[in-house]
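You will see two complexes here that share chain A, one where it goes with chain B and one where it goes with chain C.
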Partner chain A sequence: MHVHFLDPYRPRRSPVHSLDPRVKLVLAIAFLFSVALTPPGAWPVYLLLLSLVLSVEVLSELGVRYVLKRSLLALPFVLAALPVIFTAQGAPALELTIGPWTLTITQPGLERFISIAFKSWISVQAAVVLAASTSFPDLLLAMRAIRVPRLLVAIFSLMWRYLFVLVDEVLRLLRARTARSGNTGDPALKTGGSLAWRARVAGGMAGSLFLRAIERSDRIYMAMVSRGYDGEVRAMPMPELRPSHWVVLLSGFILLALLLLISYLF
Partner chain B sequence: MHHSIEVTNLSYSYPDGHQALREVSLSIQPGEKVALVGPNGAGKSTLILHLNGILMGQGSVCVCGLEARKENFGRLRAMVGMVFQSPEDQLFSPTVYDDVAFGPLYQGLPPDEVRCRVDEALASVRMSDYAGRVSHHLSVGEKKRIAIATVLSMKPEVLVLDEPTAGLDPRSRRSLIRLLRELPLTMLASTHDMLMVRELFPRMVIMDEGRVVVDGQTAELMQDVALLEAHGLERPG
Partner chain C sequence: MLYSPEAMHIPDGFLSITVSISMWVVTALVVLYALRQVSRDLGERQVPLMGMLAAAIFAGQMLNFSVGGGTSGHLMGAALATILLGPWAAVLVLTTVVGVQALIFQDGGLLALGANAFNMAVVGVAVAYMAYQTVLKLSGGRKWGVFAGSFISAWLSIEIASLAVALQLAVSGTSPANIAIPAMAAVHALIGVGEGLITLGAVAFVIAARPDLLQVGKTRLVMVGGKTVWAAGLLLALGLAIASPLASSNPDGLEWVARQQGFLDTARGPLYQVIPNYLLPGISNQALATVLAGLIGVLIVFGVALAVAYLRRNRQPLKNR
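Entry: the complex of A and B
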């Protein structure tokens, strides 16, 4: 009765999986920055970036379809960039009249919107590959190694550890509610109660979950303190990077720098 | 007369591929009190969750003459009072009263009837004074009784309990056993408490690795130390 669906990690024996998590994390972050820094409308460079991330996907044996499916997560966020279509200055491409208002779609606005959408789609793919090819504990080690604040890493790790516990708890609560959601078989009675009543019950459940989460965090803290926790999270040092991983890291950097250069030059 | 609980050739695998039940068959007569014992992971809780359609496997499950199918789930859930192991899961409303009233309210019963059911249920677990209390602040033993009241208020025909005595102190355990003995319902309890089994349940079903291994009279099976030990159980002293 446990929940596994949350873990995005998919174990494989690919070269991407066996790459040191520090290298992967740093390269993924560098990739995200390069994508973000590429100016709008640099279509050839976008295609190159896309082919780069696609080739990593193929190399990782995760299946391009799997990554593309997960990358659809980016879609709702693209909506945030929608106003750009209307607000950017430039030659009008189309005018929409809705009642008393007139919305003007400008050419640069459209170009910028499509650029943002495309860039966020590529970025999410990179993040999906990183999360699917690196187990979360490895990612945490990598974050610690590249000096992400320790407290932040500790919060991530506790969150990861207890997220599943909480989801299990939610599942059991829902199950207990389902078990008592019956009907008498009398067609005259309307089952399910009113919407307001159901909302109140759901509110009660959320509240009790919250209380239990707080209580659990107290117990966890006490258990940590009794094993000597003093606010500082310590970890075993990670081994030195192997030369081959340095090569991957440096060539990744050079490639991304080249792509950025091209995007500004042409 | 139909059997109260009739499970035939029930198999179930969890989504991660782990097979929890293998061809389980079990039949329980109306009014019978049966204990379900076996080591952790034997499939006891999984079996129990099939009785009101929370889980669905291959095979057939019939409770009170109703087959566990989607269209019957509502009726089943009203007839099977399921008491979960952790009262924390069962008590999700702000006050004791709200929790006990949940079942009847969901069924759409008129307010007077709901009030009557709640009073009755709380009285039968001897917790009438607790109606206005916040469940969060009660002791485990008290929560357990309230959890039982939350299903009694639905007037179920079958009471299904998952490890009812787990985590109770001797006094709470004793009063729970007394309470269960008094309730005139068909009862199926999954438990590790062999002393309670001997005291309360004339019939005992041993499960191991997803199968029903033995089904027989408690008094007889308790004599068979080798059988008990083979399935991780102990004869009570």
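Entry: the complex of A and C
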């Protein structure tokens, strides 16, 4: 059993996919910065930013529906910002009476809440496009280009390489537990022993996963040493950026700067 | 789908830019220092071991057990990594986990990654280390100290990290402190019990299977953090535990901070006066501008879609799609 569903990369032949990963990462970060810097309530700019990210989604041939579906993943966190609609000071917009309490929704509070939710939604979409249109090795290359420490990048790459192996391991552990604990598949029926017992079993699984990982890392280390690894992480030199990619990078910057400027003028 | 996002990872859009950047700076400094420490202790074994354990923590977060009422306990792993690996290695492992979660699964934002890594890898690890070492010392290094220490350190690391999340949200002006902090603290006091039980079970298993791993100083695996890390953990734990109730009982103070550092929002005011509305006739009206922007946006997306469809007319589909 292999868990390829974890890898969000979807190969296509679109202009977004063929863009240099360094340009893509830097533009994505610049986009996130612009979204974060846009003041709350600047609706025109929000709409333009949304249309920008939607255009890139269309251009990437990933399917807008796919990106939107994935972007809902971060939705539950919006709850954390919900209380702000009641507590921000300003003109009341709506009064709710629930039993003995009266909750007042204020206008600035509502504006703030919708801004936060909208900003978060656009940001997640940009991150989804980045992850789905760039393979992880390319992302690592881009991370090196923006001066993430080489050792950290090496750890990232090794983790990615063995993530699928260990997730398979976890799936096997879970299947073994299901097989041994008389699981009926009916969530209403309680299976297994007491809470402490169940926790202990899960803990044992975590412990054995850890030990297996440590032992596997020993074997990997031996294999690396026998192939000439001496602790130095070497990588191929990065190719120069092509002029067309410079153009994309610069026009992206100018566009975002323009949008930011507009957001502060209105 | 097996992968479910954690309530603790802040997505982008929730933190103010000042909070995001300052958290990035602090986390980057700690991670750089940890890289140096671990390099010194582990040498060339660092990359395979750290990468592998990050993958193990990531995969281990899928392990769960039913608590009842349709909820389940999860492993987050900050305390487990700290107990088994020592603080510096745990910082690296957890930073890697949080980083991949943000980059690949959009679990936590990229700008917010500094804050998320700070909460999990810096606060979680330092607090877990402090609690574990304290209990171990109190027990005189006996076995019950290891067990009690792993439960307490796991619970405390989750609880304090959640306070850090709530404070960051409050300082950003996203959630009011008097609601966010008690809510986060209460929810994570429960989640922490699950984390504590799993960590306890895992440590018990490791003691039974590989007791050599937990004897501090005998293997190269466990690195001692020393007094500095202990003090940092105590400082973070006490600081956050004291600051949070204070903040939630005086939300005005925090809102003042939020207003002060939200200077970019207030900078809009003066700009209004510098460029008066009549300079841009016709679109000075907010509602009109929004409608106009919406129209332009629809036109842009529609145009791109048309262009892509036009260019795609007679192209071979990609093989092995």
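Quick notes on this one:
Here is the rule we go by: the second predicted complex is superposed on the first by the 215 of 266 C-alpha atoms of A that agree within 3 Å, B and C clash if a C-alpha of one lies under 4 Å from a C-alpha of the other, contacts with A are read in each partner's own complex, and residues count from 1 in each chain.
In this section, a contact is a pair of C-beta atoms (placed from the backbone, for glycine too) under 8 Å apart; a residue touches a chain by one contact, two chains touch by 3 or more.
Since the model is a prediction, treat every value here as computed from it, not as a measurement.
In the superposition on chain A, contact of A:V165 is made with chain C only, not with chain B. Annotation for chain A, partner touching more residues between chain B and chain C: C. Of the two partner chains, chain B is the only one touched by A:A176; chain C is not.
By the touch criterion defined above, A:L211 reaches both chain B and chain C. Once chain A of one complex is fitted onto chain A of the other, the partner contacts of A:V201 extend to both chain B and chain C.
When the two complexes are overlaid on their common chain A, residue A:V26 makes contact with neither chain B nor chain C. Contacts of A:G193 after superposition on the shared chain: chain B is touched, whereas chain C is not. By the touch criterion defined above, A:L152 lies against chain C but remains apart from chain B after alignment on the C-alpha atoms of chain A.
Residues common to the contacts of chain A with chain B and with chain C across the two structures: 169, 173, 190, 192, 201, 204-205, 207-208, 211-212. The part of chain A that touches chain C in the complex is made up of residues 3, 5-8, 11-14, 28-29, 32-33, 35-37, 39-40, 43-45, 47-48, 50-52, 54-55, 58-59, 61, 70-71, 73-74, 76-77, 80-81, 83-84, 87, 112, 116-124, 127-128, 131, 136, 139, 149, 151-152, 154-163, 165-167, 169-171, 173-174, 187, 190, 192, 195-196, 198-214, 216-217, 220-221, 224-225, 229-231, 233, 264-266. By the touch criterion stated above, chain B contacts chain A in their complex at residues 14-16, 45, 49, 52, 54, 74-80, 82, 84, 86, 88-94, 98, 102-103, 105-109, 136, 150-151, 154.
Of all residues in chain A, those touching chain B in their complex are 1, 4, 169, 172-173, 175-185, 189-193, 197, 201, 204-205, 207-208, 211-212.
Of all residues in chain C, those touching chain A in their complex are 1-3, 5, 7, 10-17, 20, 31-32, 35, 39, 43-56, 58-60, 62-68, 70, 73, 75, 77, 80, 84, 92, 95-97, 99-100, 102-107, 109-111, 169, 173-176, 178-180, 194, 197-206, 209-210, 213, 221, 251, 264-265, 267-268, 271, 275, 280, 283-284, 286, 289-290, 292-294, 296-298, 300-301, 304-305, 308, 312, 315, 318, 321.
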